[in-house]
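What follows is chain A paired twice: with chain B in the first complex and chain C in the second.
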Partner chain A sequence: MNERAGERGADPGPPGGDAFLTVTDLHAGYGEARVLHGVNLTVGRGEICAILGPNGAGKTTLLRALSGMVRVRGAVRLDGADLTRRPPDAVARRGVAHVPEGRGTFMPLTVEENLRLGAFVRRGRGEVEADLERIHGYFPVLRERLRQPAGSLSGGEQQMLAIGRALMLRPRLLLLDEPSLGLAPIVTRELFRIVQTINEQERTTVVVVEQNAHLALDVAGRAHVLETGRIVLSGSAERIRADEQVAQSYLGYRV
Partner chain B sequence: MTTGPTEVTDKPAPAAAPARGGILARVTGAGWRRPAVAVLLVLACYAPFQLVPFRVFQLTMVLVYAVALLGLNLLVGHAGQISLGHGAFMAVGAYGAAIMLDRWDVPHLVTLPAAAALAFVLGLGLGLPAVRLRGLYLALVTLAIAIFLVPLLKRFESVTGGSMGLTLAKPAPPAWTGLAEDQWLYFLALAVTVTAFLLAHGLLRSRVGRALHAVRDNETAAEVMGVRLPFYKRLAFAWSAMFAGAAGCVYTWVIGFVSPDSFAVTLSITLLAGLVVGGLGSFAGPLLGGLFVMFVPGISQDINDAAPGVIFGLLIIVVMYVAPTGLAGLAGRLARSTKRILRKE
Partner chain C sequence: MAGFLQQIIEGLGAGAIYASLALALVLIYQFTGIVNFAQGEMAMFSTYIAWQFTAGGMPFWLALVLTLAVSFAGGMLIERVLIRPVEGAHELTVVIVSVGLFIFVNAAAGWIWTFLIKDFPNPFPGGAIEAGGLTVGFSTLGILLVVGAVMGLLYLLFQHTKIGLGMRAVATNPESARLVGIRVGWTLALGWGLAATVGAVSGILVAPLLFLEPNMMSGVLIYAFAAATLGGFDSPAGAVAGGLIVGVAETLAGAYAGFIGSDLKIGVPLVIILGVLLVRPQGLFGRAAVERV
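Let's look at the complex of A and B:
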């Protein structure tokens, strides 16, 4: 089975077959503009999965489709439950946290207010307090800035805030849309290290869309390449890294 | 740094606990708000005994506009939507109360919750198309509501009195108060205003208030957090209409007369201008805006009788140039720099 993993177009699923997220023949778009043309994808429980692809391929649209923000045709299943055509709040309640492209900071609100909004669909105040502490553990810088307007944070800090805010949901699935956007390489590396820690400590499944293919493939177990609305390549991170075309298009060298 | 439950949760905190640091606190500079509100309230209770009836009437109208602007502030300042038809909801409250008084002799105090509820329901209804629209489109549709209203009121003459309007009895001061009519009306308006401010303040501090701010500041992020955009936008419309309806009802009590031309499009536009000049999203904005709506058109008339609109427009431009965040923002800035100067000495 793993032998076919590097084949173009095929998605044999994660090794072990414990699929957590299953996307079947997913079509999505904006009005007349069709963007996804039948995406098939499986993500294993507890794995980090990277989505690579050129600008305009539909990566953001794919994440938006997963969290119910665009109309879709096809099927999205999370841990056996059908999420297809559920509104975003229902998806969030199911434990899917989405860090949107461009971070989605609530600029005039304080860092703390931003974090608390992450737990908007959750009940139980005591737990929220505990989660704030937990998130300060991952991102100590947020604790120092708690009362500041989030708009006064640097880009990297805002990305940390966005991820911290997503964690307030206690997600089972974390969707990250280009966390490296506009950040210095060293900050990005730190961010990915933290994502890896979160993935290990909390068993959170992560789907990360990333332009920085090197970094993404470093932390990801498996990766998928999306081109013009279709998955054209799936496999383990090593396999993808070794693919000649990926190397040329996304890693900037020839194998 | 602790995150103890009293510090930040919405559980009823002891009065001495620091208020949750929301938008309101930030815009007005938090610390001096409580004493300022106390002083203001004392002055507000003292004023009608010191002023001539006409001035008392003017202050009463300031309060009426402040309640309407409180609603507009929820919608525009806190939920980030726009309305050029807020005056229409004031008209709904005013005419609702007037018709109740005129046809069924409903007691004055009953007309208030009824008018507010009526406006709330209409706000929910008109919020339905409104939540699908944004920016200019929303502005246009709300403007259309305001434009539509005057001919509508004139058309159903048998109920609304047509262009002639309706004349009604004002609430009479109970003998035990020993108050004159203008003073009594003033205190009624003051009670409604205080209640409205408490209500709005409570709303904004609740989970719903946080949702509104999220919608205003980033719709995409709000949506992925699980904030249902259409629901909260509609709710914001309904509340804003409710406050306008209550204001309209008090308007009817105070003036004792309603006519379609009092609620023309200019009222809606003046209200929005008043709110922006007063300070969007701020605590004091609606009050300052109320002063603006009440006095500035008159002042413009005094300055140049021939073209009051020109002076009115110029005044708005000047204020926005000097204080881009509105008068409330300007007051906050002045207070902060005064504090700095005092500290240096």
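Let's look at the complex of A and C:
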């Protein structure tokens, strides 16, 4: 596997060399269980970057490491600033919004309260009100449900709410962990279309972990393949799509 | 009929006291998932602090405010020092810590103030209002007013402030709360501080009706457990309603069920606890424990 990484996996970096997020030799785990064994990757400013990999590879752990939810060794830099070992609230304050696996909905709270929580670390009331409007623009169904408990939303609506909540931070970096989980394919496609729009309109850099590799590679500019805690392959979406092993393992066909 | 109404009002007065201690229990349960057996003892200790202030000649209401501030800080400190280290530990460990806290606070109060009973000043005038055949003591009215004000303030805090929203977020989904940038550790400490404050109110209100001594709150705690069980441990509004219902039930039972009398009254909360656990374990206002997806 290392050989494979050395041969084809080394991260050539984003085109133009304008790295927004740089992860260097990142190690992380839970107690005795080591999960990430030296992850290296870069994400370019304003790009959508997909993380692919089998179950248990450490994709969720990687995102949690980026947002300060697990202890790490190594380095995480965002736009030149060191984020390593900062607590989650400090990372959020730097503009990193994380939609966790399972959506992280505050079930008994109303849809509006869920959205406002996304702006918890921000100041400036007027801007927050304006952002609520902006998010209704992306997700009109949320406007109709503002006073409803978030737990009463459908799975797709909850995922929209989760992304809306993340946008309330005005994030510079948006981390999405398996947004398609449990959703109908048509809903997932709609969701990815909106993520793409957000990325284009707001220049938000997006890192998306996704089991549905087809969909992820459709919207992503570049992708990284994570296997047992290491990046084994990095490159443009086309290049990843063309990789024989990726095709077999994640796309379900031979190139 | 007037006599019956009168009993109900008396019952609400007692119930308001149970309600505030029950609310303290529920707050801590919601934030940290801990059933705090030491809640009554913490309230008792706060009451001694208030007594100490007034014994030094301080006006009652100033002593009250100072005591609530000290209780708030004390509650936060307890969370930081004692509860934080066992966060996420086995339930039994946490129960033992809370029982240990019970014993420690009780002993500390006895050591500082002795186990001799003390008179606690009644902040309310002795008379009563008479209207429509009802006679309602100022003391009962005062208790209802104070508890009502405390509940109102808590409601405003939780429903209409950013900190309150953050606290509710932590209570429902701590993981996600961390991700949106809420400092969960401090929020939990804040929850303990608030609970200690609300509990202190119950101690200070009940002390003039009983005598101040280190075991003063043991009976009240049982009523508060009944109230929280009845209302649902995950529902602050339920705890308040439960407290009022328990207070009224207790008063009516004492007045009308001759065989119960004042000696057996303490059985009322136990019957309520058992009944609720058998019939509707989540309480009147609680959510049934369903798996969340």
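By our rule, the second predicted complex is superposed on the first by the 248 of 255 C-alpha atoms of A that agree within 3 Å, B and C clash if a C-alpha of one lies under 4 Å from a C-alpha of the other, contacts with A are read in each partner's own complex, and residues count from 1 in each chain.
The rule is short, and it goes like this: a contact is a pair of C-beta atoms (placed from the backbone, for glycine too) under 8 Å apart; a residue touches a chain by one contact, two chains touch by 3 or more.
Everything numeric in this text was worked out from a predicted model, so none of it was measured.
Partners chain B and chain C clash in the overlay (superposition on chain A).
Of the two partner chains, chain B is the only one that A:129 touches; chain C does not reach it. Legend: residue contacts after superposition of the two complexes on their common chain; A:138 is shown touching neither chain B nor chain C. Looking at the shared chain after the overlay, A:117 reaches both chain B and chain C. After overlaying the two complexes on the shared chain, residue contacts for A:89 are found with chain B and with chain C alike. In the superposition on chain A, A:108 makes contact with both chain B and chain C.
Measured by the number of chain A residues touched, the leading partner among chain B and chain C is B.
Contacts of A:98 after superposition: both chain B and chain C are touched. The interface of chain A with chain B overlaps its interface with chain C at residues 67, 69, 87-89, 92-93, 98, 100, 104-109, 113, 116-118, 120-121, 165, 169. The part of chain A that touches chain B in the complex is made up of residues 67, 69, 87-89, 92-93, 97-100, 103-110, 112-113, 116-118, 120-121, 125-126, 129, 132-133, 143, 146-147, 149, 165, 169. In the complex of the two chains, the chain B residues touching chain A come out as 1, 3, 5, 8-11, 21-23, 26, 207, 210-211, 213-214, 217-218, 220-228. Those residues of chain C that touch chain A in the complex are listed here as 162, 165-166, 168-169, 172-173, 175-183, 287, 292-293. Across the complex, chain C is touched by residues 67, 69, 87-89, 91-93, 98, 100, 102, 104-109, 113, 116-118, 120-121, 151, 165, 169, 182 of chain A.
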